[in-house]
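What follows is a set of structures for review.
Shared chain: chain A. Partners: chain B in the first complex, chain C in the second.
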Partner chain A sequence: MFQLTTHTPLIFQLMQIKRNIALSDSGFIFDPSTGDSFSTNPIGLEIIKMLKEGKANEEVKALIVKQYMTDEATFERDLYDFVNMISKLKLSENDEKEKD
Partner chain B sequence: MMKRKKINIAVTGLNAIDSPGPGVPVIRALRESKLYDVRIIGLSYETLEPGIYMHDLVDKTYQIPFPSSGKASLLTRLKYIHEQEKIDVIIPNFDAEIFNFIKLNDQLKKEMGIHMFLPTLDQFEERHKSNLPEFGKKHKIKIPYSKMIFSTAEIPSLREEFTYPLVVKGKFYDASIAYTPEQVVSHFNKISAKWGLPIIIQQFVYGQEVNVTALGDGLGNAIGAVPMRKQYITDKGKAWSGISIDDKELMSLTRRLMKSTRWRGGMELEIIKTAEGDYYLIEINPRFPAWVYLAVGCGQNHPEALVQLALGKKVEPFKKYDVGKLFVRYSFDLIVELAEFEKISTLGEL
Partner chain C sequence: MKKLQYERPVIQRLNVGVMNKFGTKTEYAPVTHIDGVSVKGLIGKHGSPLFVISEKTIRQTFKDANRAFKTRYPKVQFAWSYKTNYMNAVCNVFHQEGSWGEVVSGFEYQKALKNGVPGSKIIFNGPDKTETDLRLAINNDSLLHIDHLDELYLIKELAMDMKKKPRVAIRVNMDTGVYPMWDRFGFNYENGQAWDAINKIMLNDCMELVGLHSHIGTFMLAPSAYGVAAAKLSDLALGIRKKYKKNIQYIDMGGGFASKNTLKGSYLQGVDASPNFDQFAEAISTAILNAGFLENELPLLILETGRALIDEAGYLLGTVISNKRLSDGRRATIMDFGVNIMFTSFWYDHKISPAQSFSQYTEDAVLYGPLCMNIDVIRENVTLPPLKRDDHVVVHCVGAYNMTQWMQFISLRPAIVLIDMNEEPHVIRKRETLGSIEGDEVLPNYLKDFKI
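Here is the complex of A and B:
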């Protein structure tokens, strides 16, 4: 199970999205190992794609802040929430490892 | 396209209520066979089984005696049907009838040349709900703690061994969750009136239900296996919608089980996957499930492969299946002429 308190805050970790997760351009996300599916908006999709490519959260932050009209603090907070949600939905490898 | 071999296949399980039988989906799979040009003989128990009236799927239907009538009356009826239809293969699809068909297996083959591909009697018996704990120990698979009870007098003392909620199950079908001893009594009475005794009390395991439809060659190999996660579940616990998944551990468990049981025929594994990633086997059904057509949609025609095995052909195991394919079940009102209903009701064939 995901326990934020016992680990380094996720915002500073490398969030490894499960390799087998299928992402479509419409923002539809499918986890073939559980059959779960989710939808995200275009910016969410962009972030998940970056995470799946192996970009660190700091790198994602730098790219988004550069590309969109947002400040670092706001985005960092939103990213923190988003990464938390990804973890809760068991879409990251980190959660798989925690289960073991 | 290669010429398909003409073959007569008799299929049971033509019912399609909210707990549907596997007959119709098995027939749909056979109709899509690339190897066989099938004539389908429906075998029904009741006059309102929808498959009887699905003339695009079922060529002719005959009523057969209920399993409780025993194997002798079933054999007599099958002899008559065989004289009319020259059956090559029978695919039984009900748990409750499989015992009689297993008992008749050799006789049907020897005297009438009818082939089946069923589990052995030992395989059939050891996977009974009431024998599941021993089955788990033998084949090293986690099973929820279970106990058989024969009387409502045993219900109050269940508190010593179980925590509520718990699951109350019938010998063949039906399962209900009970949150109090009073609910256990009510479920006990309802289920035992329908399916007899014993009643199985099972620990309630929290998690996600995943099922596997599979086919074993009787030598320890899984010829095919497709895992599915239930997405929409009816109040009877039946999947009304499901999706094929890529769960390597579940597939490995299925292959291990096939190897250690040397399972022969179709089967369905019902499994709960807990949040911790543990797999608990809650049931093994000794036949294809009603959602077996999803396997066909995913690229594995299990009923066709079963027919090949029944006819003694060598079948190579399927190597892959499509992940992320869904089935969505629906109901459909057939309009039936009274004359058809009259015919099946009075003559026992249509």
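Here is the complex of A and C:
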């Protein structure tokens, strides 16, 4: 039966990147638990590093907007899409917790 | 502190075992200028979307085709296929290069005449020539390519009535070893229909049989099929020579040469899969030269090449409306041009380049048009840099058929700009307005008022 999801949208959550994933400076990502590898661009790498350090989305937003030629609305939309992709690619620990 | 250039964050899983040995084609080399003219500037001045035609590419491609045939065969004549792109500016570039006109309707015939093509240098093809069209073409001494027996009898009747002797050819269809065989146009070679039509023309004095015509298919990837067709038409011409002591003046091989576009489902990219003009020229000229004509009786070789001469000269400039994520995680990018103005996206995987620079990071995406129609898909799968709203793209190889098969559906048709040999842009067709669409509408008086 169809059920309405009660999950909090990811943008409002603290995104916890899996602790054991390996990040290289060139944007190559390796997940040892699944054997999957990924590629991200420099700004993506920067965001993942911030999230891995435990920074909240709001904090990430403020830092990126300060550093790059973009506005808050544009970056918020892109960040929302990016964290969704991180979750879809099973690189976040939030998904693991939900499973428990 | 100077801020850094922003690019949308992207992440993708790295897959092994891609669909073919060349991997997927990634388009991140930006095309910022066309023939020295800025894409951004063109869009700024003429709006988006915008068709752009390079006169330099047209002339260069024509010269390449002309060289390929003229170095192999002594008598060659190109006739510009109006249905492929009948913008007057485009037609006249080909006419300036020496092309005759090849038309398939009364409307196209009028266009060719208006452009200044002498009636005797217009080839009239197609199954639907009305009595009015035929009378005009007979008066102008045009070359009438007969498609069916009803047309043959109508021309005979008109010739008697007008006391003129029209110059005619028959269109011949045949098995050239390719599938599908185009047998709906003209008279069949193998079952004797072609000879039947030839006899009916030769045995009365109302018409002069001057040529034989074939058009074996479209986007042909096998030059050998043209060799077979040229051999069969030569056989008919030599048979006429033997039976009626009459030399056929020309053999018209029609069109159908593939352009450099990539057909959907093709293993190779179009630039690798499509034969070049030299390969087509070699197959055709070898077949005619070896058929057995005397040196001074070789027929003129006419070519109605359309697509391969104009496709690469055409570009479509467009702008990103929005990005979204589909339910399965795929990126979807919505462009401001759809299948209504790019009909060829139904059968080609058009090359699409960004018009501004990006890093080398890319994403797989589906490109949609702006129409409120599910079928409005420009590319089902394309690897592009992270485009954002208002970014521009350049679609390549859109010169053939799009500017004649386009339709006003949901949105109006864009302007067309021709960039001349000196890299100066000229508007050759204005952007449509509501007036262009409503101009021919008639609203009955009783329907003018209403209350809601």
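In this section, the second predicted complex is superposed on the first by the 95 of 100 C-alpha atoms of A that agree within 3 Å, B and C clash if a C-alpha of one lies under 4 Å from a C-alpha of the other, contacts with A are read in each partner's own complex, and residues count from 1 in each chain.
Everything that follows uses one rule, which is that contacts are C-beta pairs under 8 Å (C-beta built on N, C-alpha and C of every residue); 3 or more make two chains touch, one makes a residue touch a chain.
Here the structure is a predicted model, which is why all the values come from computation and not from measurement.
Visitor: Given the superposition on chain A, are chain B and chain C in a clash or a fit?
Guide: Result for chain B and chain C: fit.
Visitor: With both complexes superposed on chain A, which partner does A:A22 reach: first (chain B), second (chain C), both or neither?
Guide: After superposition on chain A, A:A22 lies in contact with chain B alone.
Visitor: Could you tell me if A:G54 is touching chain B, chain C, both of them or neither one (first, second, both, neither)?
Guide: A:G54 sits against neither chain B nor chain C.
Visitor: In the superposed arrangement, does A:M69 touch chain B (first), chain C (second), both or neither?
Guide: After superposition on chain A, A:M69 lies in contact with chain C alone.
Visitor: According to the contact criterion defined above, which of chain B and chain C contacts more residues of chain A?
Guide: Partner with more touched residues of chain A: C.
Visitor: Which holds for A:T34: it touches chain B only (first), chain C only (second), both, or neither?
Guide: A:T34 contacts chain B only, not chain C.
Visitor: Just to confirm the value: shortest Cα separation between chain B and chain C in the superposed three-chain model, in whole Å.
Guide: 7
Visitor: Between chain B and chain C, which residues of chain A are contacted by each of them?
Guide: Dual-contact residues (chain A): none.
Visitor: Where on chain A is chain C touching in the complex?
Guide: Residues 27, 29, 36-44, 47-48, 67-70, 74-75, 78-79, 81-82, 84-86, 88-89.
Visitor: What does chain C use to touch chain A in their complex?
Guide: The touching residues are 3-14, 323, 325, 329, 359, 361, 386, 388.
Visitor: Quick one: in the complex, what on chain A touches chain B?
Guide: Its residues touching chain B are 1, 20, 22, 30, 32-35, 99-100.
Visitor: Which stretch or stretches of chain B touch chain A in the complex?
Guide: 208, 228-229, 231, 242-248, 275-277, 323-324
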